[in-house]
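Naming follows writing order (A, B, C, D and E), and every chain is counted from residue 1.
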Amino acid sequence: MNTSPNTEILSLRDVGKRYGNVHALRGVSLSVRQGEITCVLGDNGAGKSTLIKIIAGLHAHTEGTVTVNGEEVTFTSPREALDRGIATVYQDLALVPLMSIWRNFFLGQEVRTGWGPFARLDVKHMVRTTGEELTKMGISVPDLDRPVGALSGGQRQCIAIARAIYFGAKVLILDEPTAALGVKQSGVVLKYVAKARDAGLGVIFITHNPHHAYLVGNHFVILNRGNVSLDSSRADITLDRLTNEMAGGAELEALSHELSAVTAATDAN
Amino acid sequence: MNTSPNTEILSLRDVGKRYGNVHALRGVSLSVRQGEITCVLGDNGAGKSTLIKIIAGLHAHTEGTVTVNGEEVTFTSPREALDRGIATVYQDLALVPLMSIWRNFFLGQEVRTGWGPFARLDVKHMVRTTGEELTKMGISVPDLDRPVGALSGGQRQCIAIARAIYFGAKVLILDEPTAALGVKQSGVVLKYVAKARDAGLGVIFITHNPHHAYLVGNHFVILNRGNVSLDSSRADITLDRLTNEMAGGAELEALSHELSAVTAATDAN
Amino acid sequence: MSAPLTPTTHAGGAATSADDRVRTRPLLSVVLSRPEIGSLIGAVALFVLFLVVAPTLRSGAALLTVLYSSSTIGIMAVSVALLMIGGEFDLSAGVAVTTASLTASMVAYQLHLNVWVGVLVALVLALAVGLFNGWLLVRTGLPSFIITLGSFFMLTGLNLGVTKVVTGGVSSPTISDMDGFASAKAFFDYTLPIGNGLRIPILFWVALVAVATWILLRTRVGNWVFASGGDPAAARAVGVPVKATKIGLFMAVGFTAWLLGMHNLFAYSNAQSGNGVGNELYYIIAAVVGGCLMTGGYGSAIGAAIGALIYGVVTNGIVYAGWQADWNRLFLGAMLVVATIVNLVVKNQAAKR
Amino acid sequence: MSAPLTPTTHAGGAATSADDRVRTRPLLSVVLSRPEIGSLIGAVALFVLFLVVAPTLRSGAALLTVLYSSSTIGIMAVSVALLMIGGEFDLSAGVAVTTASLTASMVAYQLHLNVWVGVLVALVLALAVGLFNGWLLVRTGLPSFIITLGSFFMLTGLNLGVTKVVTGGVSSPTISDMDGFASAKAFFDYTLPIGNGLRIPILFWVALVAVATWILLRTRVGNWVFASGGDPAAARAVGVPVKATKIGLFMAVGFTAWLLGMHNLFAYSNAQSGNGVGNELYYIIAAVVGGCLMTGGYGSAIGAAIGALIYGVVTNGIVYAGWQADWNRLFLGAMLVVATIVNLVVKNQAAKR
Amino acid sequence: QDSGDSDSGGQAASTPKYKITLVTHASAGDTFWDIVRKGAEAAAKKDNIELQYVNNDNASQQATLIQNAVDAKVDGIAVTMPNVGPLTSAIANAQAAKIPVIGLNAGYNDWKEQKLIGYFGQDESIAGQAGGQRLAQEGAKKVLCVIQTQGQSQLEDRCKAITTGLGSAGSVENIYVNGTDAAATQSTITAKLQQDQSIDHVITLGAPIALIAVDSIKEAGSSAKLATFDTNGELVAAVKDGSVEWAIDQQPYLQGYEAVDSLWLYLTNANTIGGGEAVLTGPAFIDSSNIDAVSEYAKAGTR
C-alpha cells in the first residue's frame, strides 16, 4: 500500500461485487488522495468498469467497505456520489442520444434563473458554457442544438469528459476517456486531467495505454480477473515494468517480436 | 495517389456524403488492394466512420462513385456488401445486447444442418466455433450463452472483431477496433490484421494510434474535416511525420511540451 | 426504423468553432424539423379537406363543436404525451376520469357534503391513483403496460362495484340540487359567450398545453422528462431523479383525469360507472399522431394537442360531411395513416435540407 | 428499468477458457432464468388458488372449458408474441379474425361456391392484410402502432360496410347448408372425444406454440426475429434482412387470424361484423404477461401461451369461484398484477444465484 | 307494409326534402340496431327524407353527434337516451335552434323532462318484469341473466326488472360476457353453468348472445331453458326448433320507422303521437305459438 502526504478522500477496503454467478470483483483495496492521480489498469473484463461504477454509485458493492472523507458509505444512486463531488465519465458514455448537446452537458445539473415557480432554465448561459468548454477541448461541434445521437463517437466522448471535468468538485473518475479520441484530443484530455489534479482533486484514471498512464499517474493499480495484482506508486515502477505487468509480461514479448517479424516481411515487399 | 503491384479490389472516386445540412465527406478518393492495409486516420469527427459506413453499405453516398472489383456499385444494404466479401467492424459495435454471444457471432451468417424445411441451426458447431475464435483472441468469456449486454466494453469489441475476421472474405474493414482493448488484446488484433493481409485480403484499418497504424499499414490516408489531406504509401512517410500530420503538427508539439512540463512539476513533488 | 432526432430547436445553438462543412439551415427547414410541425401540416390538410366536402364545418358553431370535442381528448392527451416522452404508458387514464367523477359525486351525495368537498376528495384520489401507478412501476420495475393494465381493470371493477354497492345502480345520483353545485358548475362547465358559446374545457386545454410546453422546454423537470424517457440508465447515471420524475408524470395524468372528470360531472350532473373505458387509447393515439415516440424521449405537448385536434376534425368532419356511418371507421383509419404519412414526408424533407 | 437478459439458455455454453470467477449456475437457477418460467409459476399459483376456491374447476369438463377459452386467445397470442419479439405491434389483429370469417362466408355464399373456396380466399386476404401492414411499416418507417391502428380502423369499417353492402345486414349469412361446410367444420371445429370433448383449437394452439418455439430457437429466421427486435440497426448492419423478417411476422399474424377466424366461422355458422374489436389487447396482454418485452428482442412463444392460460384461468376461475360478477374486473386486475410480480420475484431470485 | 331496403316502397311523399338525423347508442355491427335503422330508412324513403344515421356507444360522443346535427341545421333529430346526463345540453341546444327532437328505444323515464315531442319504445322495467313473470310461471327457481356490456344501464335495468318480475319465485344472478367475442362469450356462459348446476333458466339480452348461449347449454350438459330479449333472423329459427323458448320483442323496426315518420308528420303537419304519453312498441312475446307470423319478416331482416 502506498503512502503519501496528501489527504485521503476516498478509500475502498476489500470491496467485492457479484453479478449473479459472476464474481466480477474480489477484495479490492484502493485509495484516492487529494491532488493525486490513481491509474487503474488491466485486461479486458478485469473489472475496472465495475470498480468505478461502485464508486460512482451506479452499482452497489456486495462486499467490503467504501469510505468517503472518512465516512463509510453505500451509495444507492449516482446522485449521492455527485452530491459528494464525485463526477464520472462512464465507458458506455451515459449521454441521452435524442437530447441536444447542451442539454446533455447540463443534464442533472441544470442552471436556472428566476425564482420560485418561475425558475426557468438559463438556456443562454448553458449554451454558451457548453460551447466554451467544448472549444477548450479542441473539438468542433457545429450546432449545440443538434441531438447527441448525430455526433461521431469521439465527439460524444469529448462531451462526456468536458461535462465531468466541469462539474467534478472533489473526485474525478474517468473510464477509458481517451479510447475513442484522436491524438490531439487525447493530449488535451491528459492536460485537463493533470490540471484537475493540480487543482486538488483526486482522480481515478482508467486506461489501456501505459504511455498515457505513465505520463500523468501518481499511483498505479493493476486489476487481474477481479483481483488487485499490483499496487505501486510512481516512484517504485518504470514504464517498461508497468507495460509488462499490464500485458502479462513474457506473452507480450513474444507477440511484439512476432508482429515486427510480420511487418518486416511486408516492408521487404 | 499511390501505385502498387497488387490488384485493386475496391476504389472510391470523389465520394461525398451529406447528413442534412452537414457535408460530412467531400471528394474522397481511396483504393484498397489485395494483400494491403490502408490506414485511415484523422481527428474526431473527420468523417472516418462515415467513409467506412458507405463502403459497408450502411449509408448510401450522395456524390462520387464506388467501384468493387471494377464494377460500379451503390450498396443499398449491408447485405450486398457482405455478399461481396466485405466484412466490417463498426465503431458503434453492431451487436444485439439481448442476444447470446454465439448467436451474435453468427448473426446473419448462421450455419445450418438438416435440409429443406427441417434445416435447423447447427448450434453445437456455432457454439464451438465461437468459443475457439474468442480463445484465439485471448479473451476469456465464461459462458457463451450469456447475453452480450452483460459483457465488458472490450469483450464486446473482441466479439465484433473475431466475427469480422472469421467471415471476411475479400475486404476487411475495421473502425477503431483496438480503442477499447488492452495491450495484449490489441497486439492480437494487430497480428490478425497482418495475417488477413498476408492471406490476400484488402484491409481498411481506422485508428487514432499512429504507432498501431505504422506497425501494420501499407498506405496511409488522413482525413481532415471530410477531405483527404494526405495520401501516402508507407515508403514515403515516417512515423514522426505521420503523427505530426494526424495531430496538426505544431499544435501537438506545444501541447506535449506543456504536458511534460506539468508532469515534471508533479514528479518534483 | 430511424428515430427522429432533435427534441429542441429553440435558443442559441452557437457553434463551438466555425466548420465549413456545415451550412446554416434555412429557417424553413429549422421550423419543419420541430416534432409537431408534421402533424400540424397533416391537421391543416385534413381541415381543408373537410372544409371543402362539409359545408357545415364552415360555421362558427361547428368549429366550436370540433374544438370542444377535441378538448375532451386533448386535456388528457397533454399529460399522456408527457408521460410517453418520459417513457411510460398509462392504460388506466380513461377510467381514471370516471373514477374522479364518481368519487366527487358519491362522496358529496352520500355524506351530504358541499359539492366542493367531493371535488377535493376526488382530486386527492386521482393523484393517489397516479402515485400508486408510479410507485408500483419504480418499485417493481415492471413495464408500465402491465402495471397500468392492472390498475385499468381494477379501477373499472371498482367504478362498477362501488357504485353498485353505494347507489344500487350503475350511475351516480344526480347532484345538481346540492350545495355548491352551482358554483362548481360555473367553474368546471362555464360557457363563455363567444359565438355559439365557447366551453371552458377548451381554455383548460390551451392552458395545459402552454404549461406543459413551458415545463418541457424551459424547466429542469422538463429536461428530466426527456432524459428519463430517452435513456433512463444514462439519466440516472448523471444524477437525474428518474423515479421521482416518472411518479410525478403519473400524478400529472391523475391531475388531468380529475380536471376532465370534474368537467364531465358538472356538465352531466351525474356519472356513469361504465364510462371512460377505451378512451385511454384515444389519448395515446393523439400523442403518437402528434409526433411523440412510443419508446420515449421525444415529442411535444403541442404535438399532442394537434393530434387531439386531428381526431376531433376527422370524427366530426365525417359526420358533417354526411358520409355513411358504416364506413366512417374506414375513413378514420385512412385519414390517420394519411396524416402520419404527411408528417413523415415533411420530416424527411426537413432532414434533407 | 433493467431489461431482463438472455433470450436463449439451451445448448452448449462452453467457456472459452476457464475463469475462476464464474461459478457454474445451479440447474435450478438456469431453469429459473428462462423467459417463460416466471409466468409459469404465476400461472401455477393462480391455478392452485382457483382449485382451492372453486371446486367446479377440479372437473375435467371445466378444465377443458378453460383450455378452450385460453386457446382462442392463445392462437393469436403466439404470432403476436413473435411480432413483439420482432419489435412491432399489431392492433389490427383482433378485427382481422373477423375479417377472415366474414370473407370466407360471404365469398362462398354470394358466389355460390364450395365453402373451401371461401376458406382459401380468406387465407389469401388475411395474408394480404399482414403483407400490407408490414409493407407500409418498412416503406414509411412509421411506428407500427400508428400503421396498425390505421388498419384496425380500416378493417373495422370494411367489415361493417362491406357486410352491409353485400348482405344488407350486419352479420354474414348462415352457411351451414352449403357445399363443403360439413367437411370444413369437421376440420376447423372438430371435437375430439376426450373427456367432455376436447375442441380442436386447443390442438391448433399447442401445435402453433411448438412450431413457433422451434422457429425462434432453432432456425435462422428465429435468430433474425430476435435481432430485428433487439437492435434493428445492428441486425441490418450484419446483413439480417430486417424488413423481410418484419413483413413475415405480420403475415404470421395474418395466418393465425385466419385460423382462428375459420374456427369461429364454423363453430357459429356465421360471423358478426362488429366482432373482434378489442381482442387485440388481450393478445398483447397474453404476450406481455408471458414475459415478452414490449420493446422487442426478448420473449418466447411458450411464455405467450402461459400468458393466454393465465387469462383463461383467471376469467373463467372467477366465474367458477362464483364471485360477485360486479367485481370481476377488480379481481382480474389484481391477479394480473400479482402474476407479474410473482414473475418478477422469480426472475430476481434466479439472477441472484 | 314497407319491407326495408327493397324498392317495393312505392311512391315517396311529395313534401319538401327534410333532413333528419338518427342518433343511437348502438355499438357498431349490432343486429338489433340494424333493424331499427332499416325501419328508419323505410320511413325516410316513404317521406322523402334525407336520413343520416350515426351511432356511438359512448354517451359524451353521442352528445357530440347530436351537437353535430344541430350545427348542420337538420330539420329533426331522433335520439336514444340510455344515459340522459351527457345528452341534456345538446338536446337543449337543438330545441333552442327550433329543431324537433323525438325519442326512441331508450329514455322512457327521461323523454318528458327533456321535452321531446314523443317517444317510441318499451319501458325496460315493464319488459323485464313481464319476462320475469313469465319465468316465474314456467317455474324458474334460478335464473342467469347474461349482460353483454358491463356497466350499461339499460341492460342492468332489464336484469333488475326480471328480478322484480320473478318476485319470490326464484333468484336471478347476473353475469357479464365479452359481447364482441363469440368464443369468449360461450366459454363464460359454459363456465357459469358448470359452476352452478341449479340454474334452470338463462335469459340473454340480445339475439346473437342467445344463439351462442344455445351452444353453451349444450356444452355444459345443462338442462337450463333459454329465453332472450330481441330477435333476428337466426333467432327465429332457434325459437322454431325449440332451442330458445321465447323472445321478448320490442319491434325495433317499428321504433325506427315511427320515430322518423312522426318527425315528418310534425314537420309537415305539426302532429304528435301518443297524446303526451310514450308509444310502447313492446314488450310482446314471440314463441312457438306465434313464430310463423314473424319468421318471413325476420328472414328479410325487418323483425
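In this section, a contact is a pair of C-beta atoms (placed from the backbone, for glycine too) under 8 Å apart; a residue touches a chain by one contact, two chains touch by 3 or more.
Each chain and its UniProt protein: A, B = Simple sugar transport system ATP-binding protein; C, D = Xylose transport system permease protein XylH.
Just so you know, these numbers come straight off a predicted model, no measurement behind them.
Peer 1: What's the overlap between the neighbours of subunit A and those of subunit D?
Peer 2: Touching subunit A as well as subunit D, we find B, C.
Peer 1: Measuring between Cα centroids, what's the chain most distant from subunit A?
Peer 2: Comparing chain centres, E lies farthest from subunit A.
Peer 1: Between A-C and D-E, name the chain pair that shares the greater number of C-beta pairs in contact.
Peer 2: Looking at contacts between chains, A-C has the larger number.
Peer 1: Let me have the rounded angstrom distance from the C-alpha centre of subunit C over to the C-alpha centre of subunit E, please.
Peer 2: So the centroids are 35 Å from each other.
Peer 1: Measuring centre to centre with CA averages, how many angstrom lie between subunit B and subunit D?
Peer 2: So the centroids are 43 Å from each other.
Peer 1: Between subunit B and subunit E, what distance separates the C-alpha centroids? Give it in angstrom.
Peer 2: Taking the average C-alpha coordinate of subunit B and of subunit E, the gap between them is 72 Å.
Peer 1: Among all residues of subunit E, which ones touch two or more of the remaining chains?
Peer 2: Those would be 28, 150.
Peer 1: Give the residues of subunit D touching no fewer than two other chains, as numbers and ranges.
Peer 2: As it turns out, subunit D has residues touching two or more other chains at 19, 21-22, 156, 160, 278, 293, 326, 328-329.
Peer 1: Could you list which residues of subunit B touch at least two other chains?
Peer 2: 22, 139-142, 150, in rising order.
Peer 1: Can you list the subunit E residues touching subunit D in their complex?
Peer 2: Touching subunit D: residues 4-5, 27-31, 33-34, 150, 173-176, 178, 180-184, 187-188, 190-192, 194-196, 208, 211-212, 215, 219-221, 232-234, 301 of subunit E.
Peer 1: Which bits of subunit C are touching subunit E when the two form their complex?
Peer 2: Residue positions touching the partner: 56, 59, 61-62, 65, 68-69, 72, 156, 159-160, 169-171, 174, 264, 267-275, 277-279, 315-316, 319-320, 322, 325, 329.
Peer 1: Can you tell me which positions in subunit A touch subunit B when the two form their complex?
Peer 2: Touch residues, subunit A against subunit B: 19, 22, 42-46, 49, 91-92, 139-142, 150-155, 157-158, 176, 179-188, 190-191, 194-195, 197-198, 208, 210, 215-216, 218, 234, 243, 246-248, 251-252, 255-256, 258-260, 262-263, 266-267.
Peer 1: Once bound in the complex, which stretches of subunit D touch subunit B?
Peer 2: By the definition above, subunit D touches subunit B via 3, 5-19, 21-22, 214, 218-220, 222-224, 226-227, 230-231, 233-241, 293, 297-298.
Peer 1: Across the complex, what residues on subunit D touch subunit C?
Peer 2: That would be residues 1-2, 87, 136, 140-143, 145-147, 149-158, 160-161, 164-165, 232, 278, 284-285, 288-289, 293-295, 324, 326-334, 336-337, 340-341, 344 of subunit D.
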